[in-house]
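Handing you a structure now.
Note that the chains take the letters A, B, C and D in the order they are written out, and that residue 1 is the start of every chain.
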Amino acid sequence: MVPTNYYLILSAVLFGLGIVAFVFKRNIITIFMAIELMLNAVNLAFVAFSQSWQKPDGEVFVLFVIVVAAAEAAVGLGIIILTARNRRSLNVERVDLLKL
Amino acid sequence: MSASLVIFFLLAALAVMAAISLIAQRHPIHSALSLIVVMVALAGLYLLMGAEFVAAVQIIVYGGAIMVLFIFVIMLLNAEAEERTNFSKLATYAGIPLALAIAGFIAAAIARSSGSLPAAEPSGALTSTKTLSMLLFSDFVYPFELTSFLILVAILGAIVLAQREN
Amino acid sequence: MQPLLDHLWIIPLLPLLGSAVSGLFGKTWPNKIVNGVALGSTGLSFAFALEAVREFFVGGQQPFRKEFFDWIIAGNFRAGFDLQLDQLTVVMLLVVTGVGFLIHIYSTGYMAHEGGYYRFFSYLNLFMFFMLILVLAANFVLLFVGWEGVGLCSYLLIGFYFLRKSASDAGKKAFIVNRIGDFGFMLGMFLLFRTFHTLDFSVVFKQVAELQPEAMGQFGTLTVAALLLFVGATGKSAQIPLYVWLPDAMEGPTPVSALIHAATMVTAGVYVVARSHILYTHAPTAMYVVAIVGCATAFFAATIGLVQSDIKKVLAYSTVSQLGYMFLGCGVGAFSAGIFHLMTHAFFKALLFLSAGSVIHAMGGEQDMWHMGGLSKKIKVTFWCMLFGTIAIAGFPPFAAFFSKDAILFSAYNYDYNGKVLYGVGLFAAIMTSFYMFRLVWLTFFGEQRCDEHHVHVHESPKNMTVPLMILAVLSLVGGWVAAPALWGGKDYFAEFLSPVFGAAETAGEGSASLEHALSLVAVVAAAAGLLVAWRMYSAKVKRGPSTGFHKILYNKYYVDELYQAVVVGPLTWLSRNVLWKIVDVGVIDAAVNGIATGTTAVGDTVRHTQSGNTRSYAVWVLVGALVVIAIIFWPILHPALFGVVR
Amino acid sequence: MSDFLTKYAFLIVPILKVVILVFIVLTVDAYLTWLERKVIAHIQARWGPHRVGPHGLLQPLADGVKFIFKEDPLPANVDKVAYFLAPFIALMLALTSLAVIPFGPQKFTIFGYETHVGIADVNISLLVLFAITALGVYGVALAGWASNNKYSLLGGLRSSAQMISYELTLTLSVVGVLLLAGDFSLRGIVEHQSAGKGVLSWYVFPQIIGFLCFYIAAIAETNRVPFDLPEAESELVAGFHTEYASMKFAMFFIAEYTSMITVSCLATILFFGGWLSPFPDSWTFTHYLPSALLIPFGLWVVFDGIRYENLFGRIMLPGVGSALAVIGFALIVFPTLNAIIQGPFWFLAKVFTFLFVYIWMRGTLPRFRYDQLMSFGWKFLLPVSIANVVLTSVVILWRMH
């Protein structure tokens, strides 16, 4: 059988890659994808734990996470569309009104 | 080296590769495709662990709805390859090391703490959809209803955001 | 069945409601409505008090005590809203509500033309509330609430004409002087709590009663506690050395002087001493001090009263000296006599003050006796009332003070520790009392009129002022008769009534009836002597002579105020200005505040630059935060890992 | 040799089954095109293909050859990866979805390895099916985007939007069946429908609303008329596969028809009792229905064949007809064979009916306008299917108590 902490380490690695993408990418949509990647990594950890402890709660939680991700995608992409319309660019570094 | 271990390593390698390509690709569509691959690989891992329902939902919702939404938006905005600007000195120099540091932290913590966990094996009774739905509608019923409300809010928000004011 | 006793809280609550209503909404109301509220609440609480007393008597005079709700609970300390009703309380309750009600009626006439009418009655009702709390309280803490409350109301009412600087100064003086006394009182309470771990009267006094009385000249816990409480009493009841505020308090409206500074509030000190009589009987030293202070005050104030020209000042000093008598009574162990004198004094001193107020009202605000004279024809009612009061205070039989003052002096005479001296001084003070009172009468009502008709139009006061006067006059006549039988061998019904409270504490009383007759005869003679001297000096045409020598000293009240100014106030002011203000406030507090402000600005200026507006930089900041949090969470797992220590 | 087979049966048998299935499916696809052209032609009072082979029976072969040998131009600056990936995704998913569909009841053993009719028998086969169809969007969307052509892009956008919208309905309409059956496995669902009263126990009767929603949504999912907006030739040239030619185009084509088959199978299984006979088992004579159909048809083909205009036809058609007739007789002669054939027979019959309805609709119905499509999907179909779910669950609860 596969030891649980293999899964956990894999999820940690994916999470880290998600963070890297989060800071490294400039395209706002891709950054959003990075967030989704992190969520997936977390889901993997959840499932691994729930299977390891033989408790289904973790999987229920994964379902919730997926729902939240869906809602987030809907709103986030709406925001992205708006930003792209107004700023004529998807590069986050060109969206820098957030200063004094 | 049992078969499941082999499958695990194949899928894990696939997932990591795809994640790396998500970072490496310049075009958002390619990033999205690699992300889809990651998700499929994760679904495979769920199956390997015996969480069939979650695997299916993972593909149906993530692969079938969310990522399609992403691609749809990318097409809609006709996004082209990203320009690798470096206006943020901080992100350029400190970003990647910090990210790796965090990942290392977590990985190290897991490696040191979770060695004694029982292996994540598939067990029929556990992940039968019946069990999940029972749990979902008994213990987690209020969170469940809340999520429905959340989705409603998200729909409204998306509509309000996306409509052109006229 | 005690329908009202079980809801004793109603009695104090009514004046509070009246005060709140007239204070909050009365500003725009016509005087009639304010009268309705004020008189209604006071009268109702008087009626309820009567009912409560009736139930008390029906219930066989069982001391009543009830805990209505918990007010403070901290550890093993409990201070509840507990009210009690025993014989002593009955006396105080009736005096406070009854006299208070009369004075309220009087005020409706006296204040009719003043501004801030609703304010006045709001304060007055508030005072009634706190006074009732004070007399009904069943533990020291609640009593202290009333204590401070009446102090506050006294301050507010003395400074009622706050546009007049002298008035507001007098208010502040009263307040501050009382602070000193209250400080002593609080220390006393702390000491009692530290000793007995509770402040309930019943518990404390029961424990005290079980203790061994301390010897004379011994300063044990009980003595110190008793003395500290007495410090508070001196402050509230204007005894040496804290009496100085009372004469100035005459700046307030006359009804206030009558109610607060003659009848009720100033007697609170006496009440406290009598209430904790067990404590005092177990601390003879403290009792001796009380007796001496009381006696000295009685004499001292009387001497000052001899030469004052302001009618109210005379009465003020007479109040001080009468309070001295009460303390003398308590000090020599004749608590019932002290309380008895408290009651009678409440009647006749209220009567005197109100009559004086009526005179002032008639003279259109004139208070200097040298500008009066010959008023007896003009304002008959006031004259007769004033005369009744004077005779009463002077101690002629069968008026009230004859019995009460007589009882006190008698007890003093029988006091073990050179009681004869106390008796002598008290007697001399009695002579002076009757002197300055008759002096007041002659200067005010006889002789030729020293004011010109053109400015002042002398007129009798309206009914709502004269009626209370008459009632009080009657009271000050008959008020003492409950003790009358003692003269011909009967028994003193008042002492009888109070005996359940004081009981064993009553050390006075021994000594033959013949001696008692002799002493009362002496007292009457003394009063008559004072009357004669006053008649010799002031019945003829008199004009104000130059004040010289001893007279000057007396007229300036022994320069006590100046002394305090030099010794206490001056140094304090210097300290406050040069240390507290210039160093502490400016140097420390303001500096700290401004320093924080400037520091914040400086930090903001530097940190501001991190806000580049670039989203990716913000993302990295998020990462930093996350890293810190994760590090903190995982530290216990990780630190071996980080330092390469392998399991 | 044989022990080798028995040893590796767990590998060999599935591979064999896959090969056979793929072969069958591809053939069926090919002849489905032929059938479609014929039927539509007749609906439109034409002859349809009849040059290549008798009654154009060899037309599919010709098409296949054409696809293989046609030139395959690569449009200017397309996104190569996506451009090549798209058709593969489409075909792969279409074929994979067939893997979980059971075609018959029997379990049989070869090389001592017990297996059944159909590739895989997973207990959440329905979920798997939906998962695969959910991914089906990418083929179309990527194709549309990659080929760097605004018609294609529009086609891709339309198709992705359309597919997402109708997928909801597709899934929700099935929930009713799931509630009744309480099982995710298609085999289990079919077996639940075998309970007692023959036809009446099929889910189409309690779930008629669900069935209608399902079938409409399914047509939309497969981008068939009247929902074929992704390739609306009158507006978008050819929609998402405008830029595709030869084999890649063929892949899209095969994918489309395969998904048609899949959907038909699904409808059969979910609502029409899969391989179950509509008649009660007591009627043994219905077991001869296959032969009773095959023999006359074969004879008619023979009879029609001898009078065919050219020699090739006169040889081929009687051959085919006699072969069919022989099969029919064989079924009568060998009852065991007949018994085995019953399930697949009914299954195929039902599937064929649905396929025919597909073609029929294409022949008759006009195409939706895009806004009509969307409002129909979101404002009518989705609410109805949700209502269906609620109704079903209420009824079930009411039955419980």
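Some points to look at:
By our rule, contacts are C-beta pairs under 8 Å (C-beta built on N, C-alpha and C of every residue); 3 or more make two chains touch, one makes a residue touch a chain.
It should be emphasised that the depicted structure is a prediction, and the values quoted were computed from it without experimental measurement.
Number of steps on the shortest path from subunit B to subunit D, with steps defined by chain touch: 1. Comparing chain C-alpha centroids with the centroid of the full set of protein C-alpha atoms picks out A as the closest.
Taking each chain's centre as the average of its CA atoms, subunit C and subunit D sit 105 Å apart.
In this assembly, the C-alpha centroid of subunit B lies 80 Å from the C-alpha centroid of subunit C. If you average the Cα atoms of subunit A and of subunit C, the two centres end up 76 Å apart.
If you average the Cα atoms of subunit A and of subunit B, the two centres end up 6 Å apart. Within subunit D, contacts with two or more other chains are made by no residue at all. Shared interface positions of subunit A, defined as residues touching 2 or more other chains, are 19, 22-23, 26, 93, 96. Multi-chain contact residues of subunit C (touching two or more other chains) are listed as 612, 614, 616, 619-620, 623. Chain pairs that touch one another, listed by label: A-B, A-C, B-C, B-D. Within the complex formed with subunit B, the residues of subunit D that make contact are 79, 81-82, 85, 122-124, 127-128, 130-131, 133-135, 137-138, 141-142, 144-145, 153, 156-157, 160-161, 163-164, 167, 171, 184.
Partner subunit A is touched in their complex by these residues of subunit C: 608, 611-616, 618-620, 623. Considering their complex, residues 87-88, 90-91, 94-95, 98-99, 101-102, 105-106, 108-109, 112-113 of subunit B touch subunit C. Those residues of subunit C whose C-beta lies close enough to touch subunit B in the complex are 612, 614, 616-617, 619-621, 623-624, 626-627, 630-631, 634, 637-638, 640-642, 647. Of all the residues in subunit B, the ones that touch subunit A in their complex are 2, 4-5, 8, 12, 15-16, 19-20, 22-23, 28, 31-32, 35, 38-39, 42, 45-46, 48-51, 53-54, 57-58, 61-62, 65-66, 69-70, 73-74, 76-77, 79, 82-85, 87-88, 91, 95-96, 98-100, 102-104, 106-107, 110-111, 114-115, 117-123, 126-127, 131-132, 135-136, 139-140, 143, 147, 150-151, 153-155, 157-162.
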